[in-house]
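Shared between the two complexes below is subunit A, which pairs with subunit B and subunit C, respectively.
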Partner chain A sequence: MVSNILNNYRSVVGLAVVLLVVLLIELFEVRAAIYPVLFPFFEWLKYSSWIGYLGTTYGSVYATVQAGHLISMAVIGGAVLVTDLRLLGVLLKDIPSETITEGTHKCFKYSLIVAIATGIFCAAGVADKVYYMPVFWVKMLALLAGSCFMFFIKQPLLNSRPHEEIEPWTMRLLAVASILVWFTVAATGRWIGFS
Partner chain B sequence: MSNGKWDDKTIAAASSAVIILGGLAYYWVGEVQSTVELLELAYGSFKFFNNPLVF
Partner chain C sequence: MINELLLQFAQWLEGQEYSQMLVSGYYSWNWLEATHVLTLMVSIGSLFIIDFRMLGWILPDVPATKIADRLHKPMIIGFVIMFITGILLVYAKPVENVQSLWFRIKMLLLVFAFINAWVFNSRMRAAEGTWDSARVAPKPLRAGAIISLCLWCTVVAMGRFIPYDWVDCPKVSNTAILWAAGCVNELNAL
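So, the complex of A and B:
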């Protein structure tokens, strides 16, 4: 019975486990306990690591890497918007949505790798500042949630069958949630920049 | 479950999308609310087109 549920509802069980872990983390105040422990790492990142040294010493290097970060975020935004607006039936209706989601996902994957790599460099230069910003942690949470949602929930469903066989309201929900989560990543990123 | 469309992946997708939408709506509504409260505290009232800082 249990093994039957685990086999047939693997994704649902996985989601329930993740929610349970998040609930336990909040309930037992694990997040509050971990937060002060992270500070020495952020200090090391800015003052002792080579990326922190490069970022704080050479403004031109920091600006160049940050430009790469912004461009990769723009590509992620473009890939997300094209995919999700197609799923909502707003854009490119004459092209099958399977073709678009397959093409944009490759672009999304590589841009995400570049955005994370350049983002670590950018954060290292101002690590002692971003540590105290709630909006930085909101961005990290949105990035984690958005990436997990994309790789473990959205793409597996979209790749599992022709899109006309997927429940239409589920597709719309997926598209709106995806747009909102990546909007949050972009907006909180700019918020960090202006704080 | 009616026509076999509600399988494992679909349920996980719909429920996680609802959780994400709910969480982010809660966050952004909270941010708007705190911004309005801050403006009211600073200027006495919240007005888009009557900002005392704009002469």
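So, the complex of A and C:
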């Protein structure tokens, strides 16, 4: 029976485990213990790594990479909105949602890789500042949550069967959750610039 | 002459109460800028999906004009919000923007991007039905899509460069750059 549950509800069980781990981390104050240990890494990232050196020495390189980060986030936004508005039945209603989901996911994956790579560069240039910013950590958590949600819950579910067989409310919830989580990633990213 | 007129107009705008209110309010400025940047996801996000389809990179089995038609509305909504917030951002800091080389290049590129969009749209309508099911659009439309991608990427980059001060008027001595950036006082002092 246990193996049956694990096979049929792998994503749900995975999510439950992740939530449990987060809960335990908070309960046993692991996060508070890890936080100071991370500071030397952030200092190294800014003052000793080559990306930190590039970012702090050449303002034009830093700004160009920032622009790349913005563009990749725009493509992520486009892919997420097109997919999720289709799942909600708002856009592209005459095209099968399976086709849209499959087509935009490729675009999403590549943009996410570019966004993470350029994001690391941008963070390295101001690593000693972002370390102290709560909004930076919120963004990292939102990014982690968004990526896990996308690769372990949303895509596996949408690829598992024809979309007519999925409960309509499940599809709507998936779409709304996806829009909200990626909006949070983008909005917190913007807010880092104001802090 | 044109630089002097632009600067006078910008100084007049900057003297207005609402302009001062926008720039001095921490939240008004941040909300405006955040909305301007976040709407990129709707406007440029939709536009890039259309361009990628024209190039055959994504959704090759879906008719390209169908994608362009259906994403037209959200894209336009995104651009309208971006322009409104963009105009307000300029209104909040008119002198700084009028004397920014990056801002001027951005405006020029925006004009090119809209001409390209208009030509692209006309060509797409003219060729409608002849290639719709093809995985890749005809060469002129592909060229239009690549020009669109390049122009908008550069527009975003120029927008990102505006807050940086590498070519701010007091830091530049090159006459051509001073003229291009509209640094009236520095040019007069030469």
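One rule holds for everything that comes next: the second predicted complex is superposed on the first by the 195 of 195 C-alpha atoms of A that agree within 3 Å, B and C clash if a C-alpha of one lies under 4 Å from a C-alpha of the other, contacts with A are read in each partner's own complex, and residues count from 1 in each chain.
Everything below uses one rule, namely that contacts are C-beta pairs under 8 Å (C-beta built on N, C-alpha and C of every residue); 3 or more make two chains touch, one makes a residue touch a chain.
Remember, predicted model here, so these are calculated numbers, not experimental data.
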Query: In the superposed arrangement, which partner chain does A:N8 touch: subunit B (first), subunit C (second), both, or neither?
result: first
Message: Once chain A of both complexes is superposed, is A:T104 in touch with subunit B (first), subunit C (second), both, or neither?
response: second
Query: When the two structures are overlaid on chain A, which partner does A:L173 contact: first (subunit B), second (subunit C), both, or neither?
result: first
Message: Output check: A:L81 vs subunit B and subunit C. Expected answer is one of first, second, both, neither. What do you get?
response: second
Message: With both complexes superposed on chain A, which partner does A:P134 reach: first (subunit B), second (subunit C), both or neither?
response: neither
- request: Name the contact category of A:K154: first (subunit B only), second (subunit C only), both, or neither.
  value: first
Residues of subunit A at both interfaces, subunit B in one complex, subunit C in the other: none
Message: Please output the residues of subunit B touching subunit A within their complex, sorted ascending.
response: 5-6, 8-21, 23-25, 27-28
Message: Which stretch or stretches of subunit A touch subunit C in the complex?
response: 59-60, 63-64, 66-67, 70-71, 73-82, 85, 91-92, 94-95, 99-100, 103-104, 106-107, 183, 186-187, 190-191, 194
- line: subunit A partner, complex, touching residues on subunit C are 30, 33-34, 37-38, 40-42, 44-49, 52, 57-62, 66-67, 70-71, 74, 153, 156-157, 159-161, 164, 166
Task: Over in the complex, which subunit A residues touch subunit B? Could you list them?
output: 8-12, 14-15, 19, 138, 142, 145, 149, 153-154, 156-157, 160, 165-167, 169-170, 173-174, 176-177, 180-181, 184
